[in-house]
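Two complexes are shown next, each including chain A; its partner changes from chain B in the first to chain C in the second.
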Partner chain A sequence: MNRFRYELRLLLRSRVAAAALTLLLVLSAVAVGAGLSASARQTALIDRVATAQARDFAAATTQYGKPDGEAGYAAYYTFHLTSDRPSSLAFAAMGQRDIQPYVLRVRLLGLQAQLYETETVNPELALPGPFDFAFVLIYLAPLAVIVLMHDLVSGEREAGRLRLLSALPVTPGQLWLRRAGVRLMLVLLALLGPFLVGALVAKAPIWGVAILSLVAILYVAFWAGLGLMVGAWGRRSAFNAATLVGCWIVLVLLVPALANAALSRAIPVGRGVDLTLAQREAVHHAWDVPREAVMAPFVAKHPEWKDKARVGGGFHWKWYYAMHEMGDDGVAGQVAAYRASLAARQAWTERLGWLSPAAAAQSLVHRVADSDLQAHLAYQDNVTAFHRHLQDFYYPYLFSERPFTRKDFARAPVYAPRGSSSSTPVVPLLALLVLSLSAWAGGVVGARRTVS
Partner chain B sequence: MALEAVGLEQNYGTQRVLRGLTFSVRAGEIYALLGGNGAGKSTTLNLFLGLARPTAGSARVCDVEVGSDPAAARARIAYVPENVALYEHLTARENIDYLLTLARADTAGALIEEALDAVGLVREAWDRRLGGYSKGMRQKVAIALAIARRVPVLLLDEPTAGLDPRATADFHRLLETARIRGVATLMVTHDLLGAAEVADRIGFLAEGRIEAELIAEGTERFDVRALHQRYLQAGAAA
Partner chain C sequence: MSGRPSLVGRVAREEWRALARNRVAVVAGLILAVLLAGSALLCVEQRNAIEASRERHQASSDRQFDLQPDRHPHRMVHYGQFVFRPLSTLAFFDRGVDSFTGHTVFLEGHRQNSANFSEARQSSLLLRFGELTPAFVLQTLAPLLVIFLAYGAVASERERGTLRLLAAQGLGASDMLAGKLLAHGGAAGLILAPAALALLIAALLGWAPPGPAVLLLVIYGLYLAIWAVMAVLVSSLARRSRDALILLVSIWMVLVVLIPRTLPEAAARLRTQTLTRIETDIAIHADLNKIGDSHDPDDPYFSAFKAKILAQYGVRRVEDLPVQWAGLVGMEGERLTSQLFDRYAREAFAREQAQNRFVRGFGAVSPVIALRQASMSLAGTDIESHQDFLDQVERYRYAFVQSLNRMQVEQIPNQGAGEDPRIAAANWKRVPSFAYVAPDVLRLAGGRIAANLAVLIVWLVALLALCAPVARRLREDAR
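Let's turn to the complex of A and B:
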């Protein structure tokens, strides 16, 4: 304890080290605050939309829920609310939640045209991502570690104390490892302190908090190990700092950016809006073809309506909704290809963790926080399932040509939020563990060879 | 033997710094190793401290082979470098306490005070940060650290370089005290006068080996003029 007190005093005497730790603490606290605030904003927005939805639904009920009401009108004008509330850990890693829709009001019309309806996001503003705990962890914490570690050994040499320290009966490995350990611990305190407070406020699950903390520890440990390895080389402090900043640029910025560019070329992924357009084109095309061309495949898919699927020459809701469903089915191949490409990119992104600890940490924190692409796809899956419930609810009225009354509105399905899709992917976790252990092994070997 | 060098050889590339260096220092003896620049004095200290491995031969500290267990050897040695640099933000007391903690030695307050007292550092300075200390005062703190460690061997690298005559005299008195306590002292120095005043034996290092060795007989000290002549001869040989 005595030694720890001295190490702490000596470290905090360095204005740069103290400033780096203070700044990291402040940034971590601000990021956690911003994350909690963003999370609360999304929740509040969902609640506001729910209130407005209730009014809208009541109005539709009044207008279309008459004793002789037509289900076709009711289904056309009634929106059903779906939403994806942020997980209790989303405050730490907002991931794609700031660019993907988390509120969708869907109708019985073709689903694919509704799934990608979202507000336009300025791509340049979206590029750096939100300022949250994950940003501080992945981009800024390594810089704080570099400030604290770059002169671990060289600082003593430059101050003229290294020879005296080397002459003490303590192995160089023990001496520098302990000092590196103190620095690592202080960075983790500055980083994780605000996060843990945020987790308490957000009532985050212990398991998720533990995994996210583990990711932070492994990631910061990687940089501390690298700092120890470079710091033990015997070069000057300025050289060490430049080398470590170079590593930061390569591992945090260049490798992920280059890998992203390579992945974009190797696994091209269409845009969601292209699916919307394709579905709409399919529906518009259906207006111009004989009705049999629409109704035959529909009946093949829904044999239960075989006897009630005949439509005359004029407009009929049966035909209209069959057009929409067949429009969805017409782009099913494109949807499957789109999602397969996304899954393939995701898998490669996870493998990228073997090259870049930043990529590994990023995959992990967003997966654990349930705010990544996978989480958004899980929301889409849940909306798709809900849309099927809507079809199952409305089709009997439409095909049996039963009146749709006020009481029937009350029986309409209500969207049940999806369960958490949070998970701990093994590949990036293993990659991060191996990279951290390798960096420390290199650091330990370097520290043991340190001589005056 | 407290310190023993047997056939030490040290090469740096093609440069042969030590060529079969052999000498020893007994408990309670002060041995001054004299030699010109590049004679191998610092290399000799490095080998005793385990900071370098000899190309051949062995260095022993209290019968511990330095090469096989450098930490155990260093546990028996207190080393005072030529330019004492300590932690400026800590006081003398704190510096010693911290470095004793690193050395896993006894950090009792009384022990530290006794050591500071022994080196003659004024009490008012004990709890002042080292930032304002003179070179002599820093030297005293380093020696206090050595005393507080209560080890049997003292290695001194140019201990009186830059000290004023009074500080040098104080320092020599400290060495006398250490000798009385049975501490074996090896000092590498250019200071002929100082060596003549305190050393029991003086070795002249030239061409990586002891060129000549003089022993103080009884209460007779060394003749400085003769020492100077010998030093120049050794330098010429190198």
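Let's turn to the complex of A and C:
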């Protein structure tokens, strides 16, 4: 223990090392603060929208909630708000929450024409990516490690102390391992300290905090292992620094960017556009065919309305909403294919973790924080389920031709937030574990050789 | 700084020779050249694929519209029209915000739908690491190569003790500094060469607009020159080359990685929040209700409108109108809604621009911000180009809806039209289709491009102005 304290004092005497650690601590704290405030802003925005929506809903109630009100009009003019609040860990990893909408209003019309609406996003602000803990972890923490590790061995040689150190009666390599361990621990302390405080403030679940911390530890350990490996190589400090920065450029900037280019070419997602085009054809074609062509499949799907689904030649709300539901059903295959292409992109991104620990850490932290593409798809699923509730709610009024009054507005279903879709994907975690263990294995072998 | 040309040239030549002998430098340079050329080729191909798919969608959507059967024109107002944003040719060089903005808009009557299906919303988070375009390589990676080549330019002479030796042989400090600057400026030019080639070929083939292509070269040239001068200056001031490297990489970290990321957060927090679409929709709906209710026979606004129309046609009752009254009311309603759409869109864009101005103001602190702005503007992939597209789309939407409404006014009988009145399908071909006019970026964003160009020039001039005192320092050191 004494030795560790001695190493600590020795390390912190170096001005560059102390500055790098302090800077990392400050940036991590600022990022956690920024994440907490971004998270609070999103929650506040959801509340603000909910207030506006309540006014709009009240106006619709007054206008269409007459004693002889028609459910057809009410359903056409009433919007229902859905929202997706940030998870308690989102403050650490905002992910796509800056570009994916987290408020969406739907009504009883075809869902596929409503589900992909975009909210107001300032694309220029979204372009560089959010400044959050995940950014500090993935981009900046490795650089702090590089500053601390690049002259681990060469610094001693350049100061003329290396021969003296090798004469000490310790097991070969132990000294370097101890020093690397101290550095790794300090970086993790500076990095994770603010995060843990933030997690307490946000009341994040312990399991998620533990997984996120584990990811941070493995990821930083990878860089420390790499630093030890390069540092033990026996080259000059400047060369080591350049090599490690080179590794950083390749693993953090280049491989992900290359992989993204490959992925967007290999798995195109134009089907989203195709399915909206197809849905429009399905819905509008229904105006030009006999009513029966719409009502027959609708009744087959909803036998409970069999006796009440007869409509004449003119316009009827029963037929109108049946047509919208059938329009959605008509593109169900395309929706599934579209979703599959999005899921494929996500799956390949996770596999990419084997090539770049940065990509592995990125997909892990955002999956745990429930703020990635998959999280948004989970939100869409929940909106889809809510839309079914709307159908279940309005159809009895429509088909039994019951009046839709003021009281009935109050009975309308209210969107229930989705449960967390947070998970721990095995592939990137395994990749990160293997990569960081191999880096350390390489480092240990290198460190042993240095002394002998 | 007065330099003797022959000596300056010799210093530069020596530096070049040293760089050429440095195997790591040559390999790094080659890798960057491959990355640049490769990303340019890939992005041209990718840009063409995106453009082709948008064109195909547009054509098939237009065709489908024309093929619709006999219908009531109001049905066609809601059948609507899809428009797809064409991608500028220079988007291959800098994708800008294109991946973050939707490119598909569904147009219909009395609703303004959002632009949907942006690439970023449909990608995994991988996209947020950045897209591998020539702009990304030049903005992010090229400065690192410049730093790597130049960090030892003067510092290693100092370390080896040759600084004093050279001074003793009569080489003045300013001559040496000028030579090193010339060498590394030249190296920066060489780094830019593959991108320059790509841009010039694109311009010469008439594929890309020549003015913006050349200006792109100019701003990236300035940007790399800024890094070259900065690297040589830091190298001149550092005691050891290792210190110079660490300092330069730190500067790169702060300017290229850190500042661009932190500013948006500050902008979002400091500036007024933008209104969500939902709030905008609700506000427009409320405003419309305030103007009047066309279904209410006693409504003042629509009573006045009715009186005006009756006077115009010289009849006493709407039933006597020679044109369809409901269609006229529809046209008036569309006019009112459209005015509100325009007003709210303008306000929203102004709020967005206020946030962006905050970030852009920091161009003075980080030349990367000025460069990115200018680059996106020149490539036609900036937020203004997108807004220009949205404006064109809204103008078209209005014309499109009103042309259908006019058909209703003129062709659907005012009285006794029957239960299911329709007009001939041939009418749909007469509805104009969307013809996007690609903006002249120099006209659309000329002021902003000039401002950002000025920021880059000021940076370079300021750094060059620092050369004189640095040369003085060197002279003192060599004594």
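Note that the second predicted complex is superposed on the first by the 425 of 452 C-alpha atoms of A that agree within 3 Å, B and C clash if a C-alpha of one lies under 4 Å from a C-alpha of the other, contacts with A are read in each partner's own complex, and residues count from 1 in each chain.
Quick note on the criterion: a contact is a pair of C-beta atoms (placed from the backbone, for glycine too) under 8 Å apart; a residue touches a chain by one contact, two chains touch by 3 or more.
These figures come from a predicted structure and were not determined experimentally.
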- Could you tell me whether chain B and chain C fit or clash when both sit on chain A in the superposition? fit
- Item | First (chain B), second (chain C), both or neither touched by A:Gly160 | first
- Query: Of the partners chain B and chain C, which touch A:Asn2 in the superposed model: first, second, both, neither?
  - Reply: first
- Query: A:Asp307 contacts which: chain B (first), chain C (second), both, neither?
  - Reply: neither
- More chain A residues in contact [chain B versus chain C]: C
- Task: Check whether A:Asp56 is in contact with chain B, with chain C, with both or with neither, and answer first, second, both or neither.
- Result: second
- Message: Quick check for you: in the superposed arrangement, does A:Val170 touch first (chain B), second (chain C), both or neither?
- Response: first
- Query: If you stack the two complexes on chain A, which partner ends up touching A:Val147: first (chain B), second (chain C), both, or neither?
  - Reply: second
- Taking C-alpha centres, what angle do chain B and chain C open up at chain A, rounded to the nearest 10 degrees? 100
- Message: So in the superposed three-chain picture, is A:Val269 touching just chain B, just chain C, both, or none of them (first/second/both/neither)?
- Response: second
- Query: Of the partners chain B and chain C, which touch A:Leu10 in the superposed model: first, second, both, neither?
  - Reply: first
- Query: Is A:Arg41 contacted by the first partner chain B, the second partner chain C, both or neither?
  - Reply: second
- Per-pair minimum CA distance [chain C against chain B, superposed on A] in Å: 18
- The intersection of the chain A residues contacting chain B with those contacting chain C is none
- Message: Show me the residue ranges of chain C that touch chain A in the complex, using the header's touch definition.
- Response: 24, 28, 35, 39, 42, 46, 49, 53, 57, 60-61, 64, 68-69, 71, 75, 78-80, 82, 96-97, 100-102, 104, 106, 113-132, 136, 140-141, 144, 148, 241-242, 245-246, 249, 253, 257-258, 260-265, 267-269, 273-283, 285-286, 289, 348, 352, 355-356, 359, 382-383, 386, 419-420
- Task: In the complex, go through chain A and note every residue touching chain B.
- Result: 2-3, 6, 9-10, 13, 159-161, 163-171, 175, 451-452
- Item | chain A-facing residues of chain B, complex | 49, 51-52, 71-72, 74-75, 77, 79, 81, 83-87, 89-90, 94, 97-99, 101-104, 107, 142, 155
- Item | Residue numbers on chain A that touch chain C, as the complex places them | 16, 27, 30, 34, 37-38, 41, 45, 48-49, 52-53, 55-56, 59, 81, 95-96, 99-100, 103-105, 113, 116-131, 135, 139-140, 143, 147, 236-238, 241-242, 245-246, 249, 252-254, 256-261, 263-265, 268-270, 272-273, 276-277, 280-281, 284, 287-288, 313-314, 342, 345-346, 348-349, 352, 358-359, 362-363, 366, 372-373, 376
